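Chain lettering (A, B, C and D) follows the sequence in which the chains are written, and residue indices restart at 1 in each chain.
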């Protein structure tokens, strides 16, 4: 059971990749996935609680993930 | 000693003219000229205290006029 | 900074080009157009007249005020006179500024002041053939020939200047 | 009502034409452009990337909200992605409304919400050769090759969809 994690902009640059596939345990939340991402090399610039989207919608830290979910770690947005 | 009085839009239509030359007595104010205009035929639509400009600037009712002044009676403006 | 009364269609894209500078990050354009209804009545067109010389002075003064209050000189304002069809632009204001907040505020300030102070009048024509001076009440509901006071004004000014000399 | 991410220059006049209707009396256009300085540093250009699919959803949602709050469907929003030169438009919002107050408010609402919620990022390039992700701090001051996450995102989505099937 996996989720896809997308990285963008400064986070993608810091971690050296724009996406990764991460194994998921039953009951894992957004917060659990973020913690695992933050333990990767280069993740020092990620805040403890970054903005996260699940399947293209902003999601809270306690959102429980399902297989195949697309989890996006969203750096501070700067459109306009 | 005269002043030119300019009329516009609804006021010009009511009074049937767009300008007139009016004799001026020493010390006459904007208010005096307005009173005389209001006594003309068709001036029923003019309010007691219409907006007035003297020489292209808004002026108060007690402004004393000088020979050659251009006095404009300004209907409610509706630009835009 | 430029303001003008014009007797031809307003080209909004031209105004945007006129104020474009790389120092600015935000541009706000306001365009006022002739609406097909006003207070429930079906409109067929609009006729704008002005006390031209004074209107030009007031428009320039409003731009000076906006420039000082909102810290930009990249402002252009055009108001059209004459007979306009539905949908045509009667007024356009373009403001550019390094920051968007002040661009919006300057734009709003200019249109509100214009509507309050600039001696421009509009004669609304309705599809039933009647006409009305907007803001002045229904002074003459019959369709009649329209005066064009600003033309006579120019003549009068010439007379006045001659008298003063 | 239409919102889009575009990979070509934004044509503001086109947007104005798109929302023009005789029922409207006021049109407000906002254009955001690349500024030559930011926080005192000389800028040479800007590179915009996005989480494309989500950005499109959020932009459409913001327009729906604005339409309900301010009572108009005559709204169009375009945000450009890719490499932009100084003075080029990164975003444009055109709103038309019967009344000007709500046109201004809708325009302002849309740009503020866009800046708050839509997953778009900009990499600012400076004339001294350095670059910085705006809003993210100076994570890498060395000039290096730029990732284009949105392209990979599309690939990833295809992979994900294949995995689900």
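Everything that follows uses one rule, which is that contacts are C-beta pairs under 8 Å (C-beta built on N, C-alpha and C of every residue); 3 or more make two chains touch, one makes a residue touch a chain.
Keep in mind that this is a model prediction, so the values were computed, not measured.
K.L.:
Going by the touch criterion stated earlier, list every chain that contacts chain A and also contacts chain D.
P.N.:
Correct list: empty, since no chain touches both.
K.L.:
Which whole number of Å gives the spacing of the CA centres of chain C and chain D?
P.N.:
31
K.L.:
From the mean C-alpha coordinate of chain B to that of chain D, what's the distance rounded to whole Å?
P.N.:
The computed centroid separation for chain B versus chain D comes out at 53 Å.
K.L.:
Between chain A and chain B, tell me the centre distance in angstrom, where each centre is the average of that chain's C-alpha atoms.
P.N.:
73
K.L.:
Indicate the residues of chain C shared as contacts by at least two other chains.
P.N.:
32, 111
K.L.:
Using the contact rule from the top, write out all pairs of chains that touch.
P.N.:
Applying the touch rule to all chain pairs gives A-D, B-C, C-D.
K.L.:
Could you list, by residue number, the parts of chain A that touch chain D in their complex?
P.N.:
My answer: residues 2, 4, 6-10, 12-14, 18-19, 45, 53, 56-58, 68, 70, 72, 74-80.
K.L.:
Provide the residue numbers of chain C that touch chain B in the complex, in ascending order.
P.N.:
Residue positions touching the partner: 32, 48-51, 53-55, 57, 79, 90-91, 111, 114-123, 133-137, 139-140, 147, 149, 152-153, 156-157, 159-160, 163-164.
K.L.:
Give every residue of chain C touching chain D within the complex, in rising order.
P.N.:
12-13, 16, 20-37, 86-87, 98, 100, 103-104, 107-108, 111
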